[in-house]
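Common to both upcoming complexes is chain A, partnered first by chain B, then by chain C.
Now for the complex of A and B:
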């Protein structure tokens, strides 16, 4: 009787332990195919071939990070494709990519046997496939996080690390008018963009670095001041109109651009938001997105300046990687003071995770999808 | 038992003359909930350093005739320091740089100090509002994780009391005459006590009165054991050479130039004061004049430092300064007391310095081991609290320990102790 009682207690304890943990500890499993859906259409996975769109560039960056083991000091990929955790098994440009685990990868063979990437899937399709278990991993637009969680999709959200900003294009008459730039910057209700367009999945940006990175974002106010905008705009002769370009393939940019036009109108200004055609210099200002390539504030800011200062016609000194906080702050302040670059919002990266995906760790800024580290739980 | 005169060997930093003209008027304020922890806690070393640097930048940036008040807030909500301590330390530092305290009512500008946090660690930001408004001033708080040395054993300070008495001890030393005989010397302000032990039993006690060139309210002395039968004491402008012939005899004479042996350099003791001064001749005939100081330390040959060209001097202004082959100090370390000594590293390979704390002689003290890497001093291991002020600290002859005399505030006994470093994983 005593023996049976002990067995019963052990069984109860084991049951309680299992019930107390949603994902009981387990050793990783090898095998299976990780199914991935992305919205971008990637036509080339050759790093030296320029991408046609920012979306393609971002997706290509992730894919190449799986294929290449190393990078050069300037961030470009080094070595040969297939030296990384995965190598190409099937490749149908613009549609489908099958990668297989590289058994000789220096970091150790990936747990999954292969990764299957379907391209050009709309956010609606991706969300639906996550919901019904047809995919294991998909990027979710931040504005759709609420909907994803409502339908029971497991969501992983990074710290906000993608900046959406306005860059005034050098040489355009209105872009060279300091009053026009400041008027537009002050007219924008960033909080409304975060609350209504992004469904609170983001942060208003007054500076070029997020608070978690530099610790100084609070020094850059992001408040709307329609009255000041109106006064500034009134000092501009004639009835000018600011042409604001956005990425035609980016619904979020379109929503933000249209919201900016509404804010501007409230301040007595006129902004014409239109999908970009041709070069950015066809517009007084363009919406841009910049994903932090490093959590290090000096590194991230230097790369941001390199990306946008030429378009804005700004001559900036290099920023050393080891720059102290005062130097980083001064540099950031110099970049935004003239309103040639107008920070708007910070976006997180949001990933929808299938039920069988295990060991997912949201990548830090600059880090790629950690597909070599994940494994698949109960196979279907 | 004689009365204790409570000398203060650690005055606050003097305001440099060029800064005395700055009319920065300060008053410390804070909302009651923020400033509630008003205990006199001291800041950790890295925070102390950051506050000191911030004070310097504030004076350089906001120097004006404006009257400021200070408010400190922590938007990181995780800073491991009390806001009151930050505020007090900053106010002290600003005052030492030429500012003066006044009532809040006379302040026309507010100095807002914000503690924030980024991926690199904590940062302190000063913003002035009102007529003195200018761009923010930022100072990073050194991240101990980033400046930590290579992983390895953690040094732990161990203090072993070897002697206690009610009379002041200026220094002490032990000499092994032979395998079974040990002699202890205890240097007091006016005499030297000699004890001989054999197999653990005291067999001799003698005292010799020492001559002195001057009286001091803070007498200092040092014993140097030359060999088993010779010992030299330095005291109040005198050098006293003792020898066993076979009885113990001692002869005192004024020290030429008041020079005491300290490492590779003879420093001049500034009688009747209690501090040293000296010039250092580096290679290439470069001469550096050190500020008046209480003690000095130089790296031992075993470490990666360049012996003879690098010195830390614990100045009488409460700042320890690092000199490295040039006439000017390359770093200033705060939070150090008046007594420092180099220890041969028991863990690691860097130059290590043992330093007393910055209190006066009415307070318990603490000893902290620092590792000196290039221009930086990093506290390693936990500080060792002692029950009273450290009144004497000299490197022991083995280089691995220090002779430390503490005046125990509870027992009022002087404790001669050996402090060494133990390595633990």
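Now for the complex of A and C:
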């Protein structure tokens, strides 16, 4: 019941958002090339080929959503490439991808004739190109939102749907020490991370699901308790150092990891934040990102557990997709109790929109870029 | 060792000493000069560093002040002075500002000292810098050293603080440069010098904290004791490190303590000055000096040899002249030219030999005259004795003829007998003189001296114990294995007989006659001693002079004949006598004599008498 209610609320809010952002009456227009810039470098658009980095995997997911019409029950793509709204026109791996509108798409031909995707563009370049009108669409890091809006870039922000968390890796001595895990979890000032690093674009996370999804996030406190952390850490013999790994290509993860190290230092702990090299098991803990693949809390939580429980060495039962809210809550509670997985923050997806981009509708969690529905208007 | 060699050695020693003193002097003076130059160089570098450091300080103060004066900073200060201002907006500002102002460290801190934005540790936002907020005249303090907490660990920074005050709220701008290898690289150092920085960031000496412009210093542990000394008592000091046993590896260091605001030691700057160039230069100079010294020595040796030869050649000539003179060549002269002392000595020598020659000539003439006088006196004396009876006898004959003719025949007969007897005496006298004058040339043959001595003693045996005279006891001490000498046995026997006769005459009251033969180094010695009354030294001096005698009826030829025989055999005779004890005659004869040519009979007596 609660699930259906939340889906309904999402739909209504999306409708209201669309109505609220509607430009003065403008007729849809066919044609033009939608210019897109992404930071990731995608070397293969074959869904069966594993991605080298999380950024590549996310970008590849979006591109494949444009190329494929259908998905299997496990979320993988079905059918052939080009059955979706677009098909490949030019492909230069790692650099450039030109898609053209698929006139035979069952959902109807896209308004734009083509989509040109430039890869490997830094956030600064993307922002500058948005500012000068060289691109129509680009993802913007949440921490850059303030700057983007200051320079007049149109910004579309989704609900927080990406979790940043710490996962203690099973088998590491410190990771197996409950006091160490809890001490680190309690030493982290999540609010400061949100306010300063994310420039208030995000939410402190105590649970594994956002409030808008589960409705129970408030039951998972996310406050800092340096004194408790210090006491817990004092119970650990010796002067151990927690090695915390983060994605070397992710400046946000780096900033968060460094802030965690500062907080831990304030609590008398020593945390060495370093870019991940090799496997995650080389570190006591690693920073991870998890984007909700579904607004359904049970589905999202099940996939999250499937993604991180093995790394954390947690043996949990699968969560049924139709699990009731209480079961979801209990499941979530079980995952965070013991501090093997420590939720930190929820991030929204932020898109910078060019001046001529029309009919943009911020995609729901798990939904792809709605390029088939946008059209390009005049710049004036 | 010859005089020339001695002189040469002295010259060489003097030369070596001179060269050594000069070499040592040059080395010492050179080293001192280099050390002084080195010291001045180090001091200049230290002064340069201090100026550079001061310039860096001023520069940092200006840059931090520039940031504080910038419009963006002022706007930040105004914004933060408002109630409920959002500091998170500025969390990333420090990075961009520090890059544009080329500062390694930059912190913006709010009125309570909380970090708003940090370049060196961006994640440190919200934390307080307690020492910033107490009232302080940052402008007059200028730049200062401090230990900075950076994300990659503590670091040493040259920092400055500037305050932007809006209303009653302060915005602190804390910025500076990291003191590390890049800072050292910015120092302009002469060749052979380097700057090292020790960052005193840990409780104990850490080798990793000692860097030069290329990074951590190799063999940093060698500095540990000096750094510890600096940590205990910060002061400017110097020390040296020898990296290898080779002297050229020595490096001298000038240590400057780097102090913080409170006077605490935060590090030390070490200005290293390699001694390699100096040592190599010293070696080159030394090598050159040795080369020059060797050449000088060689030249000096040649010059010394030449000088010694030049100095000693006249001396050698003088020595040869002296040897010639000693060998009897009174006409020897030294041909040395020059007006120096040696020349004057040669002139004096020549003059001396000339005078000696003249004096000898005069002496010979005087001796010759004296000898003739002595001969005349002796002849007169010898001849006068028989002449007197002759005269008396002749006068008796005349008187008997005149006064007693009847007895004349008897007187005549007796007188002629006397006359004949005296004439016989005269003939004997003349014969002895004639014999001495006609001393024959020795005819050499093997002679056993012991046998000769025994023969002589046997000849005189009857006379030793003759009735009517006190007995003389002969004692023979003959060498058991005397060498056979080459001599004229008859002449040697005659000489021994004369000595025995002489000894018997010296012992009128009897005594002991001792004859001893010995041999040494192949030569033989004969000693004939008596226990007579002995001789005075004056008598000893004139004993071998012909015709000199101490006896009433002696001819004075016996010992002269002995000396003549000994001399003709290349031997030597001398006498030792003590009054009241006796007299000993010693004869030394070589085994194989070089027989002298016999002088003319007329001159022989004169020569021996001389």
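The rule we apply is simple: the second predicted complex is superposed on the first by the 356 of 380 C-alpha atoms of A that agree within 3 Å, B and C clash if a C-alpha of one lies under 4 Å from a C-alpha of the other, contacts with A are read in each partner's own complex, and residues count from 1 in each chain.
Just so we're on the same page, a residue touches a chain if its C-beta (ideal position, glycine included) is under 8 Å from a C-beta of that chain, and two chains touch if they have at least 3 such contacts.
Keep in mind that this is a model prediction, so the values were computed, not measured.
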Fit or clash - chain C, chain B, common chain A: fit
First, second, both or neither for A:146, with chain B first and chain C second: second
Partner chain(s) touched by A:83 [first = chain B, second = chain C, both, neither]: neither
Which superposed partner A:216 touches (first chain B, second chain C, both, neither): first
Which of chain B and chain C A:157 touches, first, second, both or neither: neither
Contacts of A:326 with chain B and chain C, given as first, second, both or neither: first
Partner chain in contact with A:114 - chain B first, chain C second, else both or neither: neither
Touched partner set for A:296, first chain B, second chain C, both or neither: first
Nearest-approach distance, in Å, of chain C Cα atoms to those of chain B in the combined model: 26
Set of chain A residues, in rising order, touched by both chain B and chain C: none
Complex contacts: residues of chain B adjacent to chain A: 57, 75-76, 114, 116-120, 122-123, 125, 127, 135-140
Contact set on chain C toward chain A in their complex: 88-89, 91, 121-127, 151
Touch list for chain A against partner chain B, complex: 211-216, 218-219, 295-297, 324-326, 329-330, 333
Interface residues, chain A side, partner chain C - complex: 146, 189, 192, 195-197, 199-200, 255, 258-259, 261-262, 266
